[in-house]
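Working notes for the structure below.
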Amino acid sequence: MEAFVAEIVAKYNYWIYVVLMMIGFYAMIGKRNLVKKLLGMNIFQTAIILFFVSTGVKKGGSIPIVDKYQALAGGIDAANFDNPLPHVLMLTAIVVGVSVTGVALSVLIRIHKEYGTLEENEILEKLSK
Amino acid sequence: MRDINEHTPGEDLIIKAAVRLLVPFAQLFGLYVVVHGHYSPGGGFQGGVILGAAFIMLALAFDMKTSQQYMTIGVNAAFNNLGAAIFVGVGVLCALFGGLFLDYSALDKLIPLGPVEWRSFGIFLVEVGVGFTVMSIMVLLYWNLSSAGSMKEGL
Amino acid sequence: MKSLALFATLVTGALLLFGTKDFPAWGDPQSPASTYLSPVYIEQAVAQTHVPNIVTAVLGDYRGYDTMFETVVIYCAGIAVLSVLSRNRKDEE
Amino acid sequence: MSPTNLHLFVLIVPLLSALVVNLFGRSWRQLIAPLVLGSLSFSLLGAIVVMGRVLNHGTISYTVGNWQPPFGIELVVDPLSAMMMVLVSVVALLASFSSLKSVEQELPGREAFFFTLYLILVAGLHGLIVTADAFNLYVLLEITSITTYGLVAMGRGRAALSSFNYIIMGTIGACFYLLGVGYIYILTGTLNMADIARILPTLNAPVATTTAIAFVLVGLWIKMAFFPLHTWLPNAYSQAPTGAGTLVAPLMTKVTVYLMVRVILTMYTPALVFTHDWVTKGVIWTAAFAILYGSCMALGQKDLRRMLTYIIIAEVGYMVGGVFLANANGLTGAVLHIVNDALMTLCLFLAVAAIIFRQGSVSLVSLQGIFHRMPITMAAFTLGALAMIGVPPTCGFFSKWYLILGGIDGNHWEFVIALVASSLINVVLFFRIIELAYFGSLADGEHHEHASAERHEAPWWMLKPLVITAVLLFVVGLSTGPLVNNIISLIVPAGF
């Protein structure tokens, strides 16, 4: 049991992201309202962004912006700076998330024009008539 | 059609005046974030979003027409194509000047600045391209989503 | 339907948490992610690109190909929104 | 432009012309057709040249920005990806002729937007094929998805709802893939596929590795609509504008299958993926169910386009099952089927597009007597149907033959039975339509008989690509030998 608690404490960042991800994932597949599904999608993506950024953390590290002249003189210790790669990846993933949200919102507007509602079961009812 | 002069919540003198005052500073700050991305947190995407937010603020405080006086739909289309074209174009230019795609140091043959300095400058060019595209697309998304596609009347 | 969704969610979450069993502890400076690529980026980026902000250097140059497609993604989003919401010429008349 | 950059220009030229189409095509619509056709022809020529170079000089490894992998992004063109590039450009070019016509009819005033998305989709597919970087693959996967969401949602009626379901499912798939890549990144510290393959077997982290593999594969399965994760596909593909369907239906699922092959072979190495017997068995059983489910659901449809989308689901089952047979014949069959199925689906969807162009609907009722009205279209459709059934010497026969051999080699009789059963169901399926199309008017009475006398063939812009595709079905079928010996046998790993 103690080993388990120690494991959780050492990796609590993963527990946080998994809980967030589960909230988002449940909203995406379990909710009936299309806007709630979209919100779930955003939570899901945010959880993944948190996950990646948390992997870039290094104990004793600061933001990866170095002093130019010190670096050119070769005096940089990599242990003092966080890992820049996850940040780069997540900048890209954030943009992708924004884009998908934008397209999804426009599709929702079309759906609302078409059926007058955003509840999935009401739409399906109208379709089956 | 809603009368533009009609007093509605949100179209308030204080808000209008504040936005009028705020927009130039927001734009300046956006430019700063784009340009200063080499030395501080920032870059094309972040700065582009701030620049776009300035136009969205105009559209929110006044109406969509006012924001379209400052950036017409045609200019917006030109900007988003231009931004993407700058990025891809820089890459193609590198390839045409004998380097690999997006190898900015190859542009040294165009203007001799030194290969390493060209990498720095190439990143800057590319960030400007990203900034243009992101700014115009953010505004475009707002116009379209708030007016259900008509881009005339909306929030 | 809801219980199925809940079940799928719980299974996914449990699997993801189970997978972290083999991971290094959070913030461990000796983890592979912090020792393989990132020191090279941090130590070499300024000499190779003259950009002190390493995130910008990696974003714009080392992984510039990704960033190009990131720009294309957001460009596509704009065009997709325009095309989805605009109407046919005939319908407008 | 030095020849080393050529394979990048295969994808950059459509991308750049997409920008031009968007900027100028809104005002000058006559510019769109030459730009689209020109850039796609350039792509095709470039892809053929690249393929020639790869076959003569071996795999091309290309580092974008001249950063050595794993620091920069690496692009690899091996014989398989060169073949896929040619396939994508052929399908995109042929489909674009037909799309130009049908978009003019269905989406007047929106051609510029449509073809911007169309060209970026083609560029994204080329990018997916050549990339050797796990994260770059995610970005490109999202490019192809976002363009497809837009293209699908441009349709009428239910298209928006189908597109939304596709967005939700597609995002789940992409996010699962990204999670898998994140796990891999934590374990190995790298994103380059070859580097991952080098480091992963040396790690002592079985649980995390398995989780990562599972999430990446499930993510790709959602994107390729593998049963039971297929629910988004039939609606999305059958309600998309016809011009979008002709491009998206033949390519999207097949390129994703290619990505799965690529991920299994070069990122994870087969030794890691096929370790557990019960996993491969489970996947093959699921694939067998997918094949039977797709075929049976196709039987119940009243609309030709919707029927074809269910056949796509069955075909995905063929390919996934073939890969997971984990033997040389199965893998060869699966890869060969990617090529063949793309062409067969293209042929059928082009025929559907031609029929929709002329009479607006492809419900089975409206197909009565169509043979007399559109003989060339229906002749090509029949050829496509024969290939889909697997009649020699069309290409469909050869890949099915390899798949069946693979099933027998691996002692997976359930897969073999599903394959044969689905071929039989396809016979029923297509001969019902052909019968309806040929004799339907006789049974229906005077009203239709009168209409059937008039010949009302589709325009040449839609007929030419259709006929070329139908001929290609035979050409590819007859050149199966060289294709397998020179290209596909090279990628089969040694242990198979």
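Here the chain labels run A, B, C and D in written order, and each chain numbers its own residues starting at 1.
As a working rule, contacts are C-beta pairs under 8 Å (C-beta built on N, C-alpha and C of every residue); 3 or more make two chains touch, one makes a residue touch a chain.
As the structure is a computational prediction, the values presented were derived from the model and not from experiment.
The chain pair with more C-beta contacts between its two chains, of A-B and A-D, is A-D. Remark: chain A and chain B have CA centroids separated by 24 Å (rounded to whole angstrom).
Rounded to a whole number, the gap between the C-alpha centres of chain A and chain D is 29 angstrom.
The geometric centre of chain A is 9 Å away from that of chain C, both derived from CA atoms. Per-chain CA centroids place chain B at a distance of 21 Å from chain C. Among the residues of chain D, those in touch with two or more other chains are 15, 22, 64-65, 135, 139, 142, 146, 149-150, 153, 160, 163, 179, 185-186. Counting only residues that touch two or more partner chains, chain B has 39-41, 43, 45, 84, 88, 91, 101-102, 104, 134, 141, 144-145, 148-149. Those residues of chain A in touch with two or more other chains are numbered 25, 29, 55, 65, 85-86, 89, 91-92, 95-96, 99-100, 102-103, 105-107, 109-110.
In terms of inter-chain touching, the protein chains here all touch one another pairwise.
Per the touch definition, chain D reaches chain B in the complex via residues 1-2, 4-5, 8-9, 12, 15-16, 19, 22-23, 26, 62-66. Partner chain B is touched in their complex by these residues of chain A: 63, 65, 91, 94-95, 102, 105-106, 109, 113. The part of chain C that touches chain D in the complex is made up of residues 15-16, 18-24, 31-38, 40-41, 61-66, 69-70, 72-73, 75-77, 79-84, 86-90, 92. Of all residues in chain A, only 7, 10-15, 18-19, 21-22, 25-26, 29-30, 54-61, 64-68, 71-72, 76, 78-79, 81, 83-89, 91-92, 95-96, 98-100, 102-103, 105-107, 109-110 touch chain C in the complex they form. Listing the residues of chain D that touch chain C in their complex gives 15, 22, 64-65, 67, 70-73, 107-110, 113-114, 116-117, 120, 123-124, 127, 133, 135-136, 139-140, 142-143, 146-147, 149-150, 153-154, 160, 163, 179, 183, 185-190, 199, 204-212, 214-215.
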